[in-house]
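What follows is a set of structures for review.
One chain, chain A, links the two complexes that follow: it is found with chain B in the first and with chain C in the second.
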Partner chain A sequence: MNVLGISAMERDATAALIRDGRVIASAAEERFTRQRHDPNFPHYAVEFCLDAAGLKAHELDAIVFYQEPHVRFTRVLSTSLAALDPPSFVRSMKAWLGEKLWARGVISRRLDVHPDKISYVPHHLSLAAQAFASSPFEEAAVLVVGGEGEWDCAALCSGYRGGGLKLDTHEILPYPHSLGLVLSAFSELLGFQRGSVRDALDLAAYGSPRFADEIARVIQPQEDGTYRIDTSWLRMEAFLESGGSPLTPRFLEAFGPIRDARAPAVADRDALTDGEQRYADIAASLQHVLEETLLKLCRRLHDRTGARNLCVTGEVMDNPRAVARLLADSPFERVFVPADPGEGGAAIGAALLRDAESAPTTQGERRPDPYLGRAYDEARDAAMIEHLQIGSWATFRKEGCEDVEDAAITVERFEDFETLARRTAEELEAGRIVGWLQGRFESGSQGLGNRALLTDPRSEAARSRLRERVTTRALLHPSALAIAEEAAAEVLEGEAPWQWPLRWGQATARVRPEAVERVKAAVHVDGTTLPQVCAAEDNPRFHSLLTAFGERTGLAALLSETFSEANYPMVSSPADALLIFARTDLDTLVINNILVKKVSK
Partner chain B sequence: MTTKPEGTRPRGATFSIAIRSATEVVQAMVGSRMAWALPLAFVLLLLAGVLGVLALFPALSPFVYPLL
Partner chain C sequence: MFIRKLLIRTSLPLLWRTSSRRTAAGLQRFAVAEAESAWQLLNVLDSVDEPKLRARVFQHALEEFHHSSEFDRVARPYCEALPPRPLPERDPLYDPADGEEGLAKFMAYAHVGELEVFGQFDAYAAGIGPCDAREVFKSAKKDELGHVGLTRHLFVSMSGESAVGMAVMKARFQRLYETWLRFSRGFGEIPSAILLGTIYLLSAPLLALPCRARLADSYTHANPGTRS
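Right, the complex of A and B next:
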């Protein structure tokens, strides 16, 4: 059975194709349109998924949308009416009655498929299904904590595979009690875009939680382990299509004016001004309250299910510090986070659930890895690279980057991958910044070894150059540390077997004091790093590169960041990577088996 | 007249999809204890339907699309 899952019209439009319980392909539309968080109908992503499966749209057995738009409409209508704000009401109704409500019609028309093939899956079940099905567990409790679904904002579920993929919903925390929306509001206060909660909470490492009591007046913990949101602090209708700020005068009076996003980025605590310190303290307080709230939800879920394993998902769980806290303090023995815990992952989950309904014995593929995107043809890469003309780059170089007039490029092709890995390790040891593009691109927001920017983790200068001259991302955001499984215990506190979130960059971990100097560029201000503990079976090529670097330097670890520029999606194709290579001070680019390098004439 | 392959969208599906979606909205409103807002929803859906039909006429669509 071939099932296409679609999430669209809100954020991170994504398509996923499932065949008999196996995930054949999944991709976010942003990877093709280059518009970050693209919410539009995932035309190119669907095209890619159908190509990967060798199907035409009308040959699909089922198409499933990740939420029930008619149910969500009732909530939007209710919120719009409650706001007593005619312009807001008109904007919301235009968006909903214009397109969003008619998801079945839109899909049927865009793909030219029979409407009877199209069905809807409740939002929280779409998320829960992806988390549980891709986990390695036979049974698990599933905690979904997102922004907003139909009427659900969080859900306590459990999953088991006995003879098929089964999910039970124990409890729903309904709208308006949404941690995701509160985090979005605070994100705006901290000077970040509303959807950039993870970036905003990176400030938390620089502060102390002295505003925790004030924030607990917004996110109110309950004795039963749940929480309530006091909506009098926020304009909830601002989260609809109405635009405007959700921050009320009361909120701004309590927490201060919106932070100036142009304020200089900081790399250490001592550099913070008093004003910046206040915002860092608010972020730390928010992170603290969030972690406590999630822990209480976990305890409640554990009491209900008695499960030993936990799957967590939803956009709120894209928070490595919170996941690390759950690993350390929740009552569950093992924790799993799917590769894309946001709306994109819901497309996979919806399709898996629809597939499981039709084939009750299908258990869903246990596939925790994120490599579900498009791979690119090497012959085409080679042809494109032959046409590179460095002389023409001067007109579109990024501001502040070195002049390339006196530079040339060299191209090396390798038949043997091990030789390429050794050659790339040599580049990295020399302090050069390497763009690494291999095979299929990742689901989710993180580059995990197939679309990565890499440097030597001992070199803070290389990291600064990477941030200033390539990604233009503020230094306050932490870097990830990719490390071969065999070397992980030398650097990270803890021991093998490493929990899943530590293998896929989803949880922070403390660095052993004696190892800090060896990976100092990847150690955050709070003494943690974001590890990707890479086993050979997880990503053989990336593991080979780590090993080759370890043979040269004594530690098989690299500073790794997502292959993208700030405010752009992760690169997808070699053409995207070459554009960054041409525009920025990226020194070396490895595309599959080809190494391209800038050199002085 | 060519025959469309099985599994493709039948001709004239727009109307049946709209009716089905409207029915789902009514059911969802009753299920969400929002039956009191059904008259408003009915007016909104009717308005959307009328505008949708008007948008099909090329001479009118430039004036109708901004409203959708």
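Right, the complex of A and C next:
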């Protein structure tokens, strides 16, 4: 059975193709359109998924959409009418009556398939199904904490595989009690875009939670372990179709004015001004309240299910410090977060659930796999590179990047991957920044060894250069440390087996004091790092590179960041990677079996 | 073209001086448009095999991408929080199924587009006072002039000099038609907004309170079910 899952029209449009319980392909539309969080119909992602499965749209057995638009519409309508705000009503109705409400018709028309093949799956079940089905567990409690679904904002579920994929919903925390929307509002206060909650909460490492009591008046903990949002602090209608700022005068009076996003981001605790310190303290307080709230939800879920394993998902769970807290303090033994815990992952979940309904015996995949995107051949690009005029790039470089007028490009081809790994390790040891593009791109926003920017973790200078002249991301955001499984215990507190969030950079971990010097560039201001513990069976090529680097330096670990520039999605094709190579101080680019390098003439 | 230039030159100093948020949004729109051009070229690159042609298309995409990030850069200082970036749906101008003929048509279309953009950047560079944004317009203008020549050259190498006139005319009509569609879509939104506004005025007094009650009582309405 071939099932296509689609999420679209809100954020991170994604398509996923499931065949007999196996995820054949999944990709976010942004990877093909180069627009971060692209919400438009995932035309290119669908095309890729169908290609990967060798199918035409009419050969699909079923198509599922990740939420029930007509139910969500009732919530949007209620919010916009309750708000007594005509512009927000007009804006949201235009969007909903124009296209969003008619998802079945839109999909049918776009893919030229009969509407009977198309069905809807409730939002929280789409998310829960992805988290549980892609986990290695036989049974688990599932906690969904997102922004907003139909009426659901969080859900407490459990899943088990007994002959198929089964999900039970124990409790739903409905709209307007949305942690995701509150986090978005605070992001705006902290000077970040509403969708950049993770970036905003990176400020938390620089502050102390002295505003926790004030924030607990917005996110109110309940005695039963749940929470309520006091919506009098926010303009909830502002979350409908970008209708202005959600921050009310009361909110601004309590937490101060919106931080000026133009202010330089300082990554040194001692250099923070009083004003900046206040914002860092607000972020730390928010993080603290969020962690406490999630822990209480986990305890409640544990009491209800008695499960040993926990799957957590939803956009709020894209928060490494909170996941680390769940690993340490929740009553569950093992925790799993899917590679794409946001709306994109819901496309996979919806399709898995539909597939399991029709063919319950086909479930069975156990080893989580984040490499579900498109792979590219490098031959045509290798031929093209020889005709590129590097001297002409001089005027198209990012501000502050080195002059390339007198530089040349060399291309080295390798038949044997081990030789390429050793050669790349040599480049990294020399302090060069390496762009690493291999095989299929990752699902979710995190580069996990197939689309990565790499440097020597001992070199703070290389990290600064990477941030200032390649990615243009402020130094205050932490970097990940990719480390071979065999070497992880030398550096990280804890021991094998490493839980999945520590393999995928989804949870922070403390660095052993004696190892800090060896990976100092990847150690954050609070003494933690974002580990990506890599086993040979998870990603053999990346593991070989880490091992080759370890042979040269004594530690099989690299500083690793997602292969992207700030405000752009992760690179997909070699051409996308070459654009970054041309415009920035990226020194070396490895595309499958070729190594491209800038050299002085 | 002349009227548009004149309008830009006369209205721009006033419009941009009155609202820095509008200035930022205007520059951001240019960033989006240039990113769209870069993407169209990357889409072409995906279907071209000849290495030299690929290299030229890549270089062109690089320049458009650079313009986009430059417009983003100069938009930032104008307001404390940038408005959300528009995310238009991508609509490829070149379909690989159309082969070389389609590629030539794309080049003619791009040629006309580059000419228009050159004129627009020229007017903006003249219309705003000395600032970073003006420098970006000036430098981008120079690059666009290069693109005008390059797209023409590529078209001629595919279809010959004699086909230029007809292809350019068709491309101009196509762009005119697209402008008309955009305009009429925008115009069509006015009656729909009036209609929705009227519906709101009639229904909100009756429904606002029940809707508030529904939101306040949402927890008891949530109905956990089982799905297997």
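To be clear about the criterion, the second predicted complex is superposed on the first by the 598 of 601 C-alpha atoms of A that agree within 3 Å, B and C clash if a C-alpha of one lies under 4 Å from a C-alpha of the other, contacts with A are read in each partner's own complex, and residues count from 1 in each chain.
To be clear about the criterion, a residue touches a chain if its C-beta (ideal position, glycine included) is under 8 Å from a C-beta of that chain, and two chains touch if they have at least 3 such contacts.
In this text, all values refer to a predicted model and were calculated from it rather than measured experimentally.
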Does the superposition put A:A379 against chain B (first), chain C (second), both, or neither? neither
Classify the contacts of A:M93 with the two partner chains as first (chain B alone), second (chain C alone), both, or neither. both
Pick one for A:A575: touches chain B only (first), chain C only (second), both, or neither. second
Kindly classify A:A82 by the partners it touches after superposition: chain B alone (first), chain C alone (second), both, or neither? second
May I ask you to decide whether A:W151 touches chain B, chain C, both, or neither, giving the answer as first, second, both or neither? both
Superposition-derived comparison: chain B or chain C, residues of chain A touched: C
Based on the superposed arrangement, let me know which partner A:E59 touches: chain B (first), chain C (second), both, or neither? first
If we overlay the two complexes on their shared chain A, which of chain B and chain C does A:K398 touch? Say first, second, both or neither. second
Residues on chain A in contact with chain B in one complex and with chain C in the other? 77-78, 81, 93-94, 151
Of all residues in chain C, which touch chain A in the complex? 35, 38-39, 42, 45-46, 49, 51-52, 54-55, 58-59, 61-63, 65-66, 69, 72-73, 76-77, 80-82, 84-85, 87-90, 139, 189, 192-193, 196-197, 199-201, 203-204, 207-208, 211-212, 214-215, 218-219, 221-228
For the complex, give me every residue of chain A touching chain C. 32-35, 37-41, 43-44, 77-79, 81-82, 84, 86, 89-90, 93-94, 122, 125, 151-152, 155, 164, 166-177, 188, 191, 193-194, 228, 231, 242, 258, 260-262, 353, 380, 383-384, 386-389, 392-393, 395-396, 398-399, 565, 567, 573, 575-576, 578-579, 582-583
Chain B - residues contacting chain A, complex: 5-10, 13-14, 16-18, 20-21, 24-25, 27-29, 31-32, 34, 37, 40-41, 44-45, 47-48, 67-68
Under the touch definition given earlier, write down the residues of chain A that touch chain B in their complex. 58-60, 68, 70-71, 73-75, 77-78, 81, 93-94, 97-98, 101-102, 104-105, 108-109, 112-115, 117, 151
